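Labels A, B, C and D are assigned to the chains in the order they are written; within every chain, residues are numbered from 1.
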Amino acid sequence: MLDFLWLIPLLPLASAALLMVTAGSLPRPLIAACGAGSVGLAALCVLLTGLSWAHDPVPRQMELWTWMQVGTLRPTIGFYLDGLTLVMMSVITGVGFLIHLYSTEFMEEDESLSRYFAYMNLFVAAMLILVMADNLLFLYLGWEGVGLCSYLLVGFWYRDPVNGAAARKAFVVTRIGDTAMALGLLLLFTELGTLDIQQLAELAQGKWQPGDTTIVLATALLLGGAVGKSAQLPLHTWLPDAMAGPTPVSALIHAATMVTAGVYLIARNHELFLLAPPTLLAVAVLGLLTLLLAAFTALNQHDIKRILAYSTISQIGYMFLGLGVGAWSAGIFHLVTHAFFKALLFLAAGAVIHCLHHEHNIFRMGGLRTRLPVAFWSFLIGSAALAALPFTSGFYSKDQILLAAYQWPQIGPWLWAGGLLGALLTAIYSFRLVFIVFFGEAQTEPDRQPGWRMALPLSILCVASIVGGWISLPLAEALPATQSGHPAAAVEWISIAIPVIGVSLAYLIFLGRQLDLSALVNSGLGQRLHQFWYSGWRMDALYNWLWVRPYQFTARLLKDEPVDLAYNGVVHTSVALHHLLSNLQTGRMRWYASTMVGGLIVLLAVLARAG
Amino acid sequence: MNLAAMQGLLPLLVLGLGAAVLMLQISIRRQLGWSYAITVATLLLGAAAMEPAMQVAPLQVTPLLRVDNLGLFFGSLFCLSGAVTAVISRDYLRSREGENEEYFLLLLLSTLGAVILAYSTHVAALLLGLELLSVALYALIAYPERGTLPLEAAIKYLVLSGAASATLLFGFALIYAALGSLEYAEIAVQISAGRAATSPALILMGAAMVFAGLGFKLSVVPFHMWTPDVYEGAPAPISGFLAGVSKGAVFIAVLRWFLESGFFQYSSLLAGITLLSIASILVGNLLALLQTNVKRILAYSSIAHLGYLLIVLVAAGVSPEPGLAVEAGGYYVVAYVITTLAAFSLLGLISRQSGDREYDQLSDLAGLFWKQPGLAALFTVALLSLAGIPLTAGFIGKFYLISAGVDAALWGLLAALVIGSAIGIFYYLRIIYTMTTVGEQANPGTTADMLVGSRLVVYLLIFAMLYLGIVPEPLMGYLRTIL
Amino acid sequence: MMESLFYMAGFVAFTATVLSLSRTNATHALIYLIISLLAVAVMFYLMGAPFAAALEIVVYAGAIMVLFVFVIMMLNLGQAGEQRERQWLAPRIWIVPTLLALILLVEMALAITQISGTTSGVEVTPKEVGLTLFGPYLLAVEIASMLLLAGLVGAYHLGRRSIDRSRQS
Amino acid sequence: MPGLQVPLEHVLMMAAALFIAGLVGLMVRRNIIFILMSLEVMLNASALAFVAAGAHWGQADGQIIFMLILTVAAAEVSVGLGLVLLLQRRFKTLDMDNANRLRD
C-alpha cells in the first residue's frame, strides 16, 4: 500500500476536477456520492497505509517525480511518511469523511451542491499535500491551496456581500502570515540550499548553535505563517468572521484541520525550532495569551458558531502552548482530540441551526434537550471533552500540556496557572452554551429532525470524543519525547478539579440561577467589560485604526501622486511606443521591403566591427 | 542508396508517396473526404515512421540530409502539427465552397518541406526545404475563393519571402566563394582549418545575409513587417501552420546550421543576434499592446516569442557548454509550436461557419466562455502558456530559457525577456477577460457541431499544453538524450 | 579579347537590368531583362560553365520569361497604365531607396574586395555536372520535383479561378 | 574550351550590383509585374554568385545550386503570376500600394 501513497491526495483531487468540469450537470445523488465517496476511499487508503506501516514503522521518504531538471535545479515532488504524517492523514480523511457524509444531508437543498463538494474535495487534497509533502516548497503549495479553498468556502454563499467580506478578510489576514512564511522559506533556502525538510533539519544542526540569530529569524518567520493560518495572536481576527461559511465547512476547515496546520508546521520542523529557544518561548507565550483572550471573548458571545470559533482559537492556543514548552506529542495529541470534539460540536451546532431555520443566536434557542436529542447528546459529550472533564479525550491531552507547562523551567508555573485559568473559563463558556441552548424554556420549535447521514457522523464522533484519549499515537519516532517526571499530586488534582469547578459555576450561574451576576453584569464596569470582550478585545477596531485607516489614507494620498506617476509613465511610454510602431505597419509592401533593407544595413554594420 | 538510408528517410518517403497518392486521387475523382483522410493518414504515418528511422540513426544520407534524433523528433512534431492543421482545416473549409482537395495536397507538400528543413545539413537541402515549405504556403494563403485579404497577404508573402530567399542565397554564395563548401560540417572544417582567416569580413557578411533571410522567415525585427498582415489575411489554420510549423522548422534549421558549421565563434554575429533578439522582444510585445485583431495580436506575440528563442542561439554561442541552451531551445520550440497551433486552432474553429469573414476581432470573442466553454478553455490555456504562467508548457519553456540565459550570463537579454513578458501578460489577459464578458456583438453562437476530429484535437492540445507544464521532465529527459 | 568580352557582358547585363527595372512599359522591360539574362549566360560560358549558360538561356530567358510575356498579354496593359507608371517613377520616390541600396552595396563591396583569387579557368563540363547532380545531389533532384509539384498545383488552383471568373463575366 | 580566369571579386561585385538593382526595383516599383521581375533579378544575381564561386573552386556544386535556384524561380514565378492574374481581377489594378487593406 505504501507504493500507492499518491493515490490518497489524488482521489479527492480527481473528484474535485470531475465536479468542476461537469459543473453541476451530474445528478445530485451522484454529486454527493462522488464528493463524499472519494474522501471515504481516501480514508480507506489511509487505513490500509496505516496497517502496512504498522508492520514496518520506519519513516520513509518517497520521491514521486522530478518536476523538471534544468541545469543544477531539480525540484522534486515527494512524500514523507512517518507517524506524524500518518496521524494527520488519519484526522484529515477520517474526520473529513464524516463531515462530507454529514454535508450530503446538510447541503441537500443547496443549489450549488456540485461547487460545494468540488471545493471541499479540493480542500482535502490540498490539506493532504500539506501534511504529506517532503519539502517545504511542496508543503507551501498545499498551504496556499487550503487558503484558497478556505476563501472560496467562506464566501460560498457569495450573494450576500457580508460573506464575501468575511472571505476576503480571512484571505488577507492569513496572507500576512503567508508572506512571512514565504520569506522564511527563502531565507532557509539561501542559507542551506535546500527545502527538503529532513535535509533542512540535518544541515541546520550542523550549521547553527541554538539561539543563533539567523535560525531565530527564520523560525520566527515560519511562526508568522503558523500564527496566521492557526488564528493566533495577533492574526486571529479572521476566524470568527470565517463562520460565514456553511457549518460543515467551519467544522472541517476552521476547526478540525486547516487551522491546525500551523501546529503541524511547527511540529514538523521541530528540529529547527529547537535551535531557536526564543522562538519557542514566543510560541508558548503567544499560545497562552491567545487562549486566555479567546476564552474571555467566548464567554460573552451569543452567536453559537462564534462561541465555537473563539473556543477553537483558544484550544489552538493550548496546542501552541504545548509545542512551546516542548510537549510536542501532547500538542499533536490535543490536535487530534480537538479535531474530534470540535468537529462534533460544530456538526451538532450545525444540526441545531439546520433544524431551527438557520437560527444562530443562542438566546433564541432553549429547551432543545428533548426536542433535538441527538444534537443534545452530541453537544453534551463534545462540551465535556472541550471542558476537559475527566475521562473525556480532551482531559488527557490538555492535562499533558498543562503538566509539561508546569515543569518548564523559569516561567513554567506561570504558564501553567494561565492555562488553568483558561481551562476554568473553557468549562464555564462551554457549559453556558449547553445550558442556555438545551435547557430552560423553548424559544423556537425545530421543524425537522436530523436524518441518519447527520446522526451517524455525530454518533461516531461522540465515541471518538470520549475514547480518543485512550489511543496512543505513533509519534515516538517522529517527535522528541516530553521531559518526564512526576509533579506533585496536588498539581494533578488541581488539573482535574478546575474543569469540574467551571462546570459547577456555569450551572450555578446559567441554569440554577443560584448565583446572580446580573448586578455585576449590569454595573457600568460590567457593561463595559462585556462590550469589550464581546467585541473580541476590540481587536478589529484596533486593527482598523492601526492598519486599515492609515493604509487607506496613504492610498488616497498616493492616488495621483509621485509613485503612480512612475507607473503611469511606464504605461504612457508603452502606449506611445505602441502607437509609434503601429503607425509603421502601413500595409505597403514597398515600405516593408525598405525596412528589411535598412535592417540588413544595420546588421552588416554591426558585424563589420569584426571585419 | 542502400536499405539503411531508405529506412532513415522513411518519414520523407511516406510523405512524398502520400502526396503522389493524393494527387492521383484528385485526378481520378474529386472527393474531399478521401483527400482529407489520405492527408491525415500520411501525416500520422510520417510521424510514426520516426520509430523505424531511429534505429538507423545517426546516418548521413548523401551530403544533403542527416537522419539523427534531432531531425527525426522535430520532423515528427511537424508531421503531427500538420495533421492538427489538416483536422482544423476540415472543419474550417466546411462552410467554404469550392474545390478544396488541393488544399490538403499543398498542406502535405508544405509539411514535407518543414521535415526536410529539420534534416538539412547542406545548403541545397536548406534551400529546397525552405522553398517547398514557402511555395506551397503561397497558394494556401491565397486559397479562399472569396475576399481580397487572402490574396493581398499571399502576394506580400511571396514577394518579400522571395527577396529573403535571394538574400539568403547570396549570403551562402559568398560563404561558398570564401570556403569552397556548401556542406555545414565541411564549412566547419574549413573555418577551423583557418581558411576563413583570409577573408573574415566576407564570411561574416555572408552569414549576416543568411541570417537576414532566415530572420525573415522567423519574422525577427526588423524583418517582421509582413507577419501581422499575412497572418491576418491567411485562413486561420494556415496562419497557425505558418506561425507554428514554418517558424519552428526554420528555427531548427538555423539551430543546425549554427551548431554544425561553426559560426558560433564569431562574437560579432552573436552581438548582431542579441540586437535582433532584444528588438524582437520589445517591438513585438509593444505592437501587440493595444491591437484589437486577435490574429494580429498572435502575430506580434509570435515575433516576441521568436525573440525569446534567439536567446538560445546567443547562449549556445557564449556558453562553453551549449547543451543546456540547446535543450532549452528544443523544449521552447515544442511548447511554442503546440501553443501556437492551439491558439490559431481556436480562431479556425470559431470561424468554421462564418462564411466569408473570420471571427478574428477581439469583440468577436466576447462571451465565448459562456457559449463555447470548451473552445474558450483551449484558448485560455494557450494564452496562459504564451504568457508563461506556471503549470503550462510556456512557463517551463520560458523558465528553461531563463536558466540557459543565466548560465551564459546574458543579463541584457534576460532583462528584455522580463520586460517583454510583463507587457505580454497585459494583452494576453485582456483577451481572456474579453472572453468572460457578455458580448453585445453578433458572435459565433454555433455550438456542438464540431467534427469529432476537431474535438479530439482540442482536447489533445489542452492536454499537451498542461502535461508539458505539469510533467515536463519526460520531454526534458528525452531532449537531453537526443541533443 | 576574351576578358574584354566578359566585362562587356557584365556591363550589358547590369545596364539592361537597370533599364529593365526603370521602364514604364512592361513588354519593353521584359525584353531588357531577357537581354540581361543572355549577357549573364555569356558570363557563365566564359567562366567555364557551359551547361549553366545553356540552362540560363533555355529555362530562364526561354521559359520563365515567356510566362511573363503570357501574363502581360493576358492582362492587356494599356497606355493609361504607362502614363501612371511614369508618375510613379518620379525622383522623390526612388531617391531614398536607391541611397539605401547604395549604402548596402558599399558595405558589400568592402567585404567582397577582401577576397583574392580568380575563377579557376577550368571548364566544368555538363558531364561532370550531371554526375554530381545524380550522385551526391540525387535527393535534391527528388525534392526539386516536389517543389515543382507544389508550384504547379498552386498555380493551377489560382489560375483556374481567374480563368473561370473571366469566362463567367 | 578552357574557361576564362577573371578575378573573383569582379564577378562577385557584378553579382552584388545586380542584386542591389533588383532590391531597388523591389523598393521603388508599385506595379506587381515589375516587382516580380525585380525578384527574378535578385535570384539571378545569387545564381551568378554561385556559378562564379563554383568556377573559382572548379567544382560542379555552384552550377547545381544554380539549377536549383532556377527551379525555385520557376516555382515562385508560376505561383506569383497566378496571384497577379487574381489581383488584376479583384482589385482592377496591378498597383501594390492599392493593396494595403491589411495594416494596423
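The definition used in the following text is that a residue touches a chain if its C-beta (ideal position, glycine included) is under 8 Å from a C-beta of that chain, and two chains touch if they have at least 3 such contacts.
For clarity, every value in this text was computed on a predicted model and none was experimentally measured.
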Centrality ranking, top chain (CA atoms only): B
Euclidean distance of C-alpha centroids - subunit B vs subunit C, Å: 30
Length of the line joining the C-alpha centres of subunit A and subunit C, rounded to whole Å: 78
Centre-to-centre distance between subunit D and subunit B (centres being mean Cα positions), rounded to whole Å: 26
Distance from subunit B to subunit A - Cα centre to Cα centre, in angstrom: 48
Sequence positions of subunit D contacting 2 or more other chains: 8, 12, 16, 19, 22-23, 26-30, 35-36, 52, 54, 56-57, 59, 61-62, 64, 68, 72, 75-76, 79, 82-83, 86, 96, 99-104
Contacts with 2+ other chains: residues of subunit A: 582, 585, 587, 589-590, 593-594, 597-598, 600, 604, 608, 611
Sites on subunit C at which at least two other chains make contact: 97, 100-101, 104, 107-108, 110-112, 114-116, 137, 140, 144, 147, 150-151, 154-155, 157-158, 161
Chain contact graph, described as a line, ring, star, complete graph or other shape: complete
Subunit A to subunit B touching residues, read off their complex: 65-71, 73, 574-575, 577-579, 581-582, 584-585, 587, 589, 591-593, 595-596, 598-600, 602-604, 606-611
Of all residues in subunit B, those that touch subunit C in their complex: 1, 16, 19, 23, 61-65, 99, 102, 105-106, 109-110, 112-113, 116, 124-125, 128-129, 131-132, 135-136, 138-139, 142-143, 145, 174, 177-178, 198-202, 204-205
Residues of subunit D defined as touching subunit B within the complex: 8, 12, 15-16, 19, 22-23, 26, 32, 35-36, 39, 42-43, 45-47, 49-50, 52-54, 56-57, 59, 61-62, 64-65, 68-69, 72, 75-76, 79-80, 82-83, 86-87, 90-91, 96, 99-104
Contact footprint of subunit A on subunit B as seen in their complex: 155-156, 159-160, 163-164, 167, 200-201, 204-205, 207-209, 211-212, 215-216, 221-223, 225-226, 228-229, 266-269, 271-272, 275-276, 283, 286-287, 289-291, 324, 328, 396, 399-400, 403, 407, 423, 471-473, 476-477, 480
Residues on subunit D engaged by subunit A in the complex (per definition of touch): 23, 26-30, 35, 96-97, 99-104
